[in-house]
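There are two complexes below, and they share chain A, which is joined by chain B in the first and by chain C in the second.
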Partner chain A sequence: MYPFGKSWSRLSPYWFLLPALLIYIIFSFGPSVFTIIYSFTDITAVQGTKWQFIGWDNYKEFFQSGRTPVYYAALKRTLIFAAAVTGIQTALGLFIAIVINTKLRGHMFFRSLIFLPVVLGVTVFGLVWTLMLNPLDGPVQKIWELFGSSSTFLGSPDLAFPLTIFIQIWGALGYTVVIFLAGLQSIPGDLYEAGRIDGAKAWQSFAHITWPMLAPTVTVNLLLAIVGSLQTYEVIFILTPNNPYTSVLGYEVYLAAFGSNAGVSLRQGFASTVAVLQFGLVLVVALIAQFYLRRREVQM
Partner chain B sequence: MKMHLVPKPLGYAVMAVMAFLYLFPLLYLFNVSVKPELEFLVDPVGIVKHVLFSNYPDAWKQGNFGQLIGNSVFYTAAAVGLSVLISALAAFPISRGYVGWASFLYVFFMISIFLPNNLVPQWNLIHSLGLYNTRLGFVLVNTGIGLGFMLMAGYMKSIPKELDEAASIDGSSYSRFVLTIILPLIKPVLATSAILQAIGVWNNIIGATVYLSDKKLYPIVLGLFKFYGQYSNQWTLIAAALVIVASPLLLLYLFLQRYIIEGAMTGAVKS
Partner chain C sequence: MNSRLTKKGLTVLTSSLLVLALAACGNNNNGKSSSSPAATGAASPSASEDTKPITLKLATWEQPTNIEAFQKLNEKFTAKYPNITVTFDTSKPDGPYQTLLQTRLNADDADIVTSFAINPKKDYHAGAAVPAMQQYIDAGLIEDLTGKAFLNNFTPESLKDAMTYNDKVWGIDVGMVTYTGVFYNKELFEKNNLKVPTTWPELLNVAKTLQDSGVAPFTMAGKDIWPLGMAANGFIAALEPDLEAFDKKIWSGEVKFTDPVFKEMLEKYEQMMGYMEKGFMGVDYASVVGRFAAGKAAMLPDGMWNAGAIAKANPDMKFGYFPMPVSDNAENNKNFYGKYDMSLMIAAHSKNKEAALKYLEFFSEPENYSEFVNAVGFLPTQPNVTLKDPFLQEIAPQASKMKLAMDIIWQAPQGAGNYTSSVTPVQLLKPAGKETPEEIMNNMQKEWEKEMANLK
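Now for the complex of A and B:
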């Protein structure tokens, strides 16, 4: 029941809701819906030029044209990127959170350190790693040389992509760790105490107490990582601009719509098509993951 | 209570390796930033022999970083302030069911993280509103309902409804109640939301690339990236620029780390 009067004063909550609703619909939700409409047009970034609906042409171009191998490669890389980032970041994040939660000397400093890249931001840490990976005698090159090898790193067709994965994980690991720490600290200590009295070994404590109690946190971390890593391309934007060996779907959207390649018209209709396909991918993967993870939680 | 899921020596070893992996790039960055350019060219990795601080004023001047940092502070403060305010005002009636379709609206706001990438139509919208390459335009595209809305709605549910009734009996209007009682009550979650969003707005380099063309309007992250493009091989200068940009964040982090990290923790657990 609304306690603040009737008639006109009944409208107050609606007035308070309105600014958020308007800004959300105009600047976020509306444009998202329009992405789908755009995907059936040949609209470009050149303001004022004529455009028209072209049916499924953009979709056909994605799946069957001269550039299709490029898009397939980007699609495949998106999946590899997401799988590697999600898997490694979650597993490593859990392990490190457990280490920190053991409360060894210096663990607070360590926790702050590992979270630091989140605060510094992708531009700063991306450029720091560009410096680290400088092929002209950078520190990583020096280590490579110890093994009698050398590489151009971010310029290398083989290494550039795995390196973007590494740097993505390096930058976001702190967030995962912190979420796992919150989960670990919500597990009552009595459980471990009881386990210890029953003679549980460290591994058994983990398998029968930590892991099941942590199931919801694992779900949160996995879903955040999956949805995030299927969409993000900032690290690639900073570290390997215009590199055909590292591009993912998100970056293809950006390139098609806003890329500064001379001679290429900025095809926003086609960019929207890639965005819609990417959305479909995120939706399907996230729904499957959600379904599987929730069921797993219930079973535990 | 201490839990020894991991043996102590292994724990220390892991911490040492990881600490190295996170500290070394920063120390190396600082080392490069105080090197004379010639020394860097001859020996990029070695510890600096002739410490030189002039890279800092050089980078500061050539990159116009004073103004760019000012821009970033403005964009972040404006977008975060606006977002937190409208989110809180909307979260309250929705969490209380004081508006129709409350649970639908909740889901409607929450699907924002899944929606298709809206950059292209949003860009056209901003253009047709005449807001391309303006401060207002960049603030508006950074303003919105996000995780903060969800955190606030969750937190508000824990405030007993009897409080609303008591305030109403005392003759308070809805607006006065929300502005003078509810907002102060939810301060912790307002702070958490603000911190989480500030990190996002400050680092929004894609948005800045797409929406701003005038150098004078660049936020610091874009200015820094362009600076790197312009002086691509003068690493001593770029390193100094990176330290300049990182320092205020580092300092802020030093003082606020408890709030930032705990904010991130509650943010995740609630969702």
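Now for the complex of A and C:
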């Protein structure tokens, strides 16, 4: 039974929604639609410059220009980045959440400590790690030297990218942990009690109580991590700018739109194209992930 | 019940509309209040143009010496024109500044902007992306300064090479800088009985002697990547002294990236990297000066602008600057290469154009200009400037004859990748990158051919 009456009064809930909807359309949905439209133009960031629709030319440039290998490499790195960050961050986050969810001494302190990088933000912890990884006299190099080894870390073409993954996980872990903690605390204590009476060991109570009860939280964390890491560029921008061996799709969008590089300057149209392709990637991956995760929740 | 809900809904709706309407009113009021002083000023005869308070917004990048020099100049300027104050609008250099410049010009929120030379693309650069400064001028965002009297204070070459586009002059250029030279530690050279090298074999000999004596011959800021490419300009220039002709030949297909000149350039660069201090690929640009000033390495290929920073980091240090001697023939190693550095332009949509012109005029007065250029340490673009800095005095005779570097002449095709964005992609060379000279050359040619095919 529709609770809002008949004829015009049926519309009343929509009036309530209207302000929020307007804000959403103006600031979120509208710009997204325009990004798709712009991706078919040669518009630049300079006001007053003539621009026109150029059909699929931007998309052709992505797939068929001299820079195409760069985009493919960036795409591959984006997928590796997302897989590694999502997997490790979620697993490690769950482990840490379970550990500090116990009545450990000083668990409040550890909680704050782990959440700290999230508060600091990527610029600050990026700079912190740049100093930590300074190859000439940084602390990490000192430890490396104890094992008779040395590296240029963020300057090394092989090591720079794995390091950005590590630093991204380090920085975002607190977020995952907090969400897991919330999930853990919503599990009723009597379930564990009942389990204990039935003689469940620690591992059994994790596998049969914690893990299934945590399924919705796992879904949230995985999706947030997937979407966030597929779109990442900040950590690359801070740690290894201009490095041809660490670029990801998000960074290529930045370069095309704002880079001062001669080949790609202020090209909002082309940047929109890369952004649309990135959006497509995020959409497909997130939909597949969501499909499996929801099904898993139901099965449990 | 239902009607009450509807009423509530309507109340929410009307109140939100009211908020919107109020906000709109607020805007109107703002518009009025900002225009009212001007209106009263025009109405009352006592308030003349010269007393109306004006704030000039100057957009520039954060570089301590530049900002300091501007601050001094601005104080003097305000002393002369008490009603005009100049405020800064700054960001980090390079990428962030490009964003600042773009947003301020688009929003008509700047009066004076700084940039570099215009460097428009040439006719034969058929498929090159349009450089940003050229786009701003084409879009009518920069004021045409052709014929202004203060331009005559500058050398005709600087106006022509740096600030002219479509036969019009769009600004003034403060000075030139070279970045194909090498800072060297005079004490370390003397200790090892070394002379300034003038050919490539001599340079290798110097590097080897230094290394044998336990000193790292070179250091560089490899982590930031771009310093590697910047130094490579000296390599290609020494091997191919007529860079403009060379650029033309690449675009016409007469020169291929598989030609011996690229092989020589990349192989010699590789040799130099072999003499770098360990871990140079992790050194960032902010700390490289400290490494050199502390004597950790004897030579630093870098832009001349860091001379001041070196002297500041170690006031007792004796150092010099020589052109990177890449050719085996000493004759080809005499030149410095570089670019026109900071330029000043007026935003075409500025509401304070008169005041902005006064500022440029004031800036161009020989006395003020001389003070400014001495403070920022560029090679002057006005004649008859007495350089105070001993380092500049020492290099000026040779460096004033500087030619434009390859990265200024080169315009990359729109879809250029890692190999042809510049013609010296040394960042891909081992150990900075992962490739050998042959691999890079083949990939450059492949990428170039793909680009040229796409243009047709």
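Observations
Just so we're on the same page, the second predicted complex is superposed on the first by the 272 of 300 C-alpha atoms of A that agree within 3 Å, B and C clash if a C-alpha of one lies under 4 Å from a C-alpha of the other, contacts with A are read in each partner's own complex, and residues count from 1 in each chain.
In the analysis below, a contact is a pair of C-beta atoms (placed from the backbone, for glycine too) under 8 Å apart; a residue touches a chain by one contact, two chains touch by 3 or more.
Fair warning: this is a prediction, and the values are worked out from it, not measured in the lab.
Looking at the shared chain after the overlay, A:Asn243 reaches chain C, while chain B stays out of its contact range. In the superposition on chain A, contact is made by A:Gly48 with chain C only, not with chain B.
In the superposed pair of complexes, A:His107 makes contact with chain B only, with no contact to chain C. Ranking chain B and chain C by residues of chain A touched puts B first. In the superposed model, A:Thr68 makes contact with chain C only, not with chain B.
With both structures placed on the common chain, the touch criterion links A:Ser150 to chain C but leaves chain B unconnected. Touch criterion not met for A:Pro212: it reaches neither chain B nor chain C.
Contacts of A:Gln268 after superposition on the shared chain: chain B is touched, whereas chain C is not. Of the two partner chains placed by superposition, chain B and chain C are both touched by A:Ser9.
Looking at the shared chain after the overlay, A:Gly87 reaches neither chain B nor chain C. With the contact threshold set out at the top, residues 4-5, 9, 12-13, 16, 19, 45, 47, 130, 134, 136, 258 of chain A are in contact with chain B in one structure and with chain C in the other.
Against chain A, the residues of chain B that register as touching in their complex are 1-8, 11-12, 14-15, 18-19, 21-26, 28-29, 32, 44-45, 86-87, 89-90, 92-94, 96, 98-99, 105, 108-109, 112-125, 127, 140-141, 143-145, 149, 164-165, 167-168, 172-175, 177-178, 199, 202-203, 205-206, 209-210, 221-222, 224-225, 228, 235, 238-239, 242, 245-246, 249-250, 252-253, 257, 260-261, 264-266, 268-269, 271.
In the complex of the two chains, the chain C residues touching chain A come out as 2-3, 5-6, 8-10, 12-13, 16, 94-95, 98-99, 102, 105-106, 128-132, 135-136, 138-141, 222-226, 278-284, 287, 291, 410-422, 427-428, 431-434, 447-448, 450-451, 454. Across the complex, chain A meets chain B through its residues 2-5, 9, 12-14, 16-17, 19-21, 23-24, 26-32, 34-36, 38, 43, 45, 47, 95-96, 98-104, 106-107, 110-125, 127-132, 134, 136-139, 142, 170, 175, 178-179, 181-183, 186, 189, 192-193, 202, 205-206, 210, 217, 220-221, 224, 227, 231, 233-234, 237-238, 250, 253-254, 257-258, 268, 271-272, 275-276, 278-279, 282-283, 286. Residues 4-5, 8-9, 11-13, 15-16, 18-19, 44-49, 61, 64-70, 130, 133-136, 141, 150, 152-158, 240-245, 258-267 of chain A are the ones touching chain C in the complex.
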